[in-house]
Amino acid sequence: MPETVEIGLGRSARRGFHLDDIALVPTRRTRGSGVVSTAWQIDAHSFELPFVAAPSDAIVSPATAAEVGRLGGLAVLDGEGLWTRYEDADAELAKLDGETQTLQRVYSRPVSPELLARRVGELRAAGHPVAVRFSPQHTADLAPHVLAAGVDLLVLQGTIISAEHVAADGPGLNLKTFIADLDVPVIVGGVTNYQTALHLMRTGAAGVIVGYGAHLGSTTHSMLGIDVPMATALIDAAAARRDYLDETGGRYVHLIGYGDMVTGGDIAKALACGADAVMLGQALATAVEAPGNGRYWDATAAHPRVPRSAAIDLGHAEHERPTLEELVAGPTSDPSGERNLFGAVRRAMGKCGYSTLKEFQKVELIVTSGR
Amino acid sequence: MPETVEIGLGRSARRGFHLDDIALVPTRRTRGSGVVSTAWQIDAHSFELPFVAAPSDAIVSPATAAEVGRLGGLAVLDGEGLWTRYEDADAELAKLDGETQTLQRVYSRPVSPELLARRVGELRAAGHPVAVRFSPQHTADLAPHVLAAGVDLLVLQGTIISAEHVAADGPGLNLKTFIADLDVPVIVGGVTNYQTALHLMRTGAAGVIVGYGAHLGSTTHSMLGIDVPMATALIDAAAARRDYLDETGGRYVHLIGYGDMVTGGDIAKALACGADAVMLGQALATAVEAPGNGRYWDATAAHPRVPRSAAIDLGHAEHERPTLEELVAGPTSDPSGERNLFGAVRRAMGKCGYSTLKEFQKVELIVTSGR
Amino acid sequence: MPETVEIGLGRSARRGFHLDDIALVPTRRTRGSGVVSTAWQIDAHSFELPFVAAPSDAIVSPATAAEVGRLGGLAVLDGEGLWTRYEDADAELAKLDGETQTLQRVYSRPVSPELLARRVGELRAAGHPVAVRFSPQHTADLAPHVLAAGVDLLVLQGTIISAEHVAADGPGLNLKTFIADLDVPVIVGGVTNYQTALHLMRTGAAGVIVGYGAHLGSTTHSMLGIDVPMATALIDAAAARRDYLDETGGRYVHLIGYGDMVTGGDIAKALACGADAVMLGQALATAVEAPGNGRYWDATAAHPRVPRSAAIDLGHAEHERPTLEELVAGPTSDPSGERNLFGAVRRAMGKCGYSTLKEFQKVELIVTSGR
Amino acid sequence: MPETVEIGLGRSARRGFHLDDIALVPTRRTRGSGVVSTAWQIDAHSFELPFVAAPSDAIVSPATAAEVGRLGGLAVLDGEGLWTRYEDADAELAKLDGETQTLQRVYSRPVSPELLARRVGELRAAGHPVAVRFSPQHTADLAPHVLAAGVDLLVLQGTIISAEHVAADGPGLNLKTFIADLDVPVIVGGVTNYQTALHLMRTGAAGVIVGYGAHLGSTTHSMLGIDVPMATALIDAAAARRDYLDETGGRYVHLIGYGDMVTGGDIAKALACGADAVMLGQALATAVEAPGNGRYWDATAAHPRVPRSAAIDLGHAEHERPTLEELVAGPTSDPSGERNLFGAVRRAMGKCGYSTLKEFQKVELIVTSGR
């Protein structure tokens, strides 16, 4: 049973822990980074690095998707983003000025089925697995276009989703039958707890996203009162993965942590809590190749009535911005922990004595008062 | 029994939790905001939105009261404020400069019974329920004037009140007999704990206010050492409501949370802790219609000897200030969480899987280390 | 048994609580401030207000001591301060520039027995009880001079003292025999825990000071690693007072809290934790009458080798500085909580339902996450 | 069994405490600093002060090593630093500009065996014990040169090391056989927990370093997710020392705390948690004699691919910088706690009632909410 605390007469609550609340504890053995592997795979697709570039127009374009693939990660194009709304997305990106109103206006144009198909074609041409994201409410309408064009992985993602959505116009997308009918694997999220994770696993999803991608500009906590203490959320979802593995006699659903990760240490802790991979957004936005040009935003920023994040300027003058390669794989001369993210992860795994991601999920954790 | 901690030899204390210390946990079901209702009612009066505009001259004038009513909330005019002390309250508002001394001077003029009656008339003319607030010490003298003029709800409110007050000149107002003799429902507060809440319920009050309206300029904690961890206070008062419901075989007393709420998330958490509605002060003070013109203060700010809050300038230049409608019901282009407050609440309820306020009081809570 | 936490294998520690960690909880009854008494007495001396002005040259001169007495408090002159080292103390005060080096130099002049006697005479002339402070190491040499001159209360005070001091040149002052031989009551401190408090009570002291007067400029925690969580320290000392009362069949030793108090709320909490009175230093230093002219320091600031606090400038331009009377008894137009300190305490007692200090020591406390 | 908390379903973690989380509690006895001894010894070498100057080029040169020895401490020269890479190290120091890139370039030159021997000679000439540090990976190659030149103590130190390292090219240095074959005592570290400490003790090490020297510019936590709550780490290592003492029937291995210590209070707390001595880096870098000229960095700052700390400028203009003697032994006119470090430690021990370091390891600790 989870630990609870009584916060008032007759009402108890669990304590949740953020990644900042914990740290890794090395064991009695250490390993050189040369004997450490960070490889993972989902369905038939293998990757050298356990990372997914988030479906944000600020970081994933057809061009940067190719570079992410070359570096060993998986990039997800936002199927409801600028590239599928506009022929000339670059022209629209140039109009963005950091104002929410501008985002709301630019994103109000409908998604074009024709562009959806064309972008999948551009992504396929780069030779890496092709992944596209839709929100649950638009999946039924839009997914067929990318499926026909040859997408490899479908990502159904909203801030907080569930396997059972009730809307004014009746039940939403039936995930179970939708997924069962597909030939490509589906990744769904975000979720925040054991039960929703388990229900989503039972829909047949190949992967479940934990968290809603909290970043510097996120206001979901302020807006809705919902917060995701990521360490607790991942550990809970890992318990769901274990129970689902048992109930199915062997189906392993991959967990992808998303939110509150900007340094190698943050990523290492998420993997230690049970993530098979992490989805990175803000952490990649300073790259010189990033279409957002040093600014970061996600899909919630353009909501027409209740925007739940701001487009934030990460404040890096152009000449100081790193390449995606330096950010992801190093080397670097920046000691902040925000570059050479997976060189750092490899070292963290080695110093803690582990050589594979799966073993690393057992590393000892310690709760600290933060620093 | 509540959780306690020993803070010194032989002396224990409970732990109290602020709204900032907790967050909401979504369940396995989600709902579209179209199937969510935020309606509530007190006595014979129904409201679309679970909110009460606080009796502060900075936000409630006869004019803004009408707008609050139109938006679906309940506005409370301060019966001891400028509109009942001065014929031309606007002229006095124009004199305020943020200095406590000025407040003390302007509020030193006596309340006029004639103006009390006239303001009730102005409020009635707008066609919404009319509510007026008095401090417990002046209720006996002043309330008859508004009752005669046709007030719908009486609000008896001080920083911290009890059902049993002892003063130098004998016992104060006997709430029980006072309320029993009235035809209109009475809301009383603020209270901070189970026992005082229960005693006030037993006086026959229709609603109990929890908290003293802590805002950015409040210094009650510094001044008096009294603090109200709102999550704990509301949960405790909800326990009193439950026990009183049982002891009376069905009298349901409404709880109104007051203090520390400036965002939709804060409000959602207060409702989740058991509030039937929230009383908002500072959160509405930036509205273009607000008489305080971007400045906020409450009744404690003008105390002649021990002022317990400052008139704070919320720092919004006129052209950036939202309308009351944008603040309360949206839409908005401000992602801070401080606008479209009840659009956000509706979404929070939906994402957590609830369709009515009463059900939402059961949502799972999690204690986080704050953000 | 006190609550402990294991901080490492085989090593446990108690948790200590600062005044900032707790708050007062009102009960079901409230009282008007007219029916509240803040009077206390020590030995044959009665005071209207439960406060002692700390023996700091920044606040207590013969002149301000008279004003403190008039307001109902007790002022303690530092027997090792400027007034007993210099004929013209004002001239030396004018030389102070906030530099520790200057303090070290000015305080290096020896104390004059002749001036000690003269200052006691000046204090007596004002007609209030006369109290002088010495450090334990100089008490044997210097105390006879003030005793002969007619001091009413002797204060033996160092940062941290004990009933059993071992020095290179043998045991220090034997407090037990020293106190037994005296005709005037003695107040000793500071202490931080149950056991030292009990031992000091057994020396025959009339009062025990809890804490070392931590203020904005204090560095004792940084320097020595010693900290005094004041709520815990006072509650522990109150337990010692209770046990000593029992073992002596009725000797009540007064507790004086000293440190971390700048607002009425801080003082109210200290009294709630068991203090019979509080010793105030920094809180009085902004007074126009204060000899430190807006700057505050205590005796540790002038130590020749290991100074443990800085002379801090409280940053109040002369024209904004309050009188001692406004600070202590009000009224005030400053809502910060730092003025009308005992008007606030009286109100805190009333709102919590208590009419005497002794009863107020039973008020319910709550642990909050601070604000 | 250590205290644990469940951070998610089925996954528990201990709580770790930083030095900032705790404070010392004085006992019923106090001692003058004249009767307090801070002496310690390791193997045949005795020291007046329990401190080791860290192997950072910013603080230890052959010249400052002599001064550290004169003051009663032990200085460790970095065997892989500038003095053993360059004939004219001062010329290279002058090139450093605070940029990591510059550090990476300057430190890319190979270590010279000839210079290693020459520096040991220079250190021997000063007449104090000679200590040199190597990283575990280069010890086998480089140590023979300093052993031949007459080093007294060998320090094998990396961020996090273990007794069992696995690298791509096979197992690393076998510490057990390496140490057994040596005539000089070996100090190894850093470690973070009981088990690694115990394993390193079993290699025959004379001393074990706890922590990786966290300082203002450290980013190991951000980079790797590894943090060392120093109070917990020292107490755990002290438990290992006790168990090893028992299993060997009397071999006492010295613990040297390293990291997060900049004030006398920090050092006193580390000693209280079981350290026999502390290794100081940043705390000494402001000395006028320091080769880093007010800037501090450690070996991790120059890593070619994953630098894990920055060279930080401690911001002291030359004329304000203290001497090493003022920093270490006082007297001082600086009340910050950062000067006269061991004068402060001596006072802390005295005020807590202890006269030797070994006894002081039993002082009572209290967990505070920090200040």
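Chains: A, B, C and D, in written order; residue numbering restarts at 1 for each.
Keep this in mind: contacts are C-beta pairs under 8 Å (C-beta built on N, C-alpha and C of every residue); 3 or more make two chains touch, one makes a residue touch a chain.
Note that the structure is a prediction, hence the values are computed from the model and not measured.
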{"item": "Copies chain B and chain C - rotation angle from C-alpha fit, nearest 5 degrees", "value": "90"}
{"item": "Inter-chain centre distance, chain A versus chain B - centres from mean C-alpha coordinates, in Å", "value": "40"}
{"item": "Chain A-chain C separation of Cα centroids, rounded to whole Å", "value": "57"}
{"item": "Chain D, residues touching no fewer than two other chains", "value": "15, 17, 21, 232"}
{"item": "Chain-level touch network, classified as line, ring, star, complete or other", "value": "ring"}
{"item": "Chain A residues within the chain B interface of the complex", "value": "5-11, 13-18, 20-21, 99-101, 104, 159-169, 172, 192-193, 195-196, 199, 217, 219, 221-227, 229, 232, 301, 304-310, 370"}
{"item": "Chain B-facing residues of chain C, complex", "value": "2-3, 15, 17, 21-32, 34-35, 194, 231-236, 238-239, 242, 263-269, 272-273, 330-338, 340, 343-344, 347-348, 351-353, 364-369, 371"}
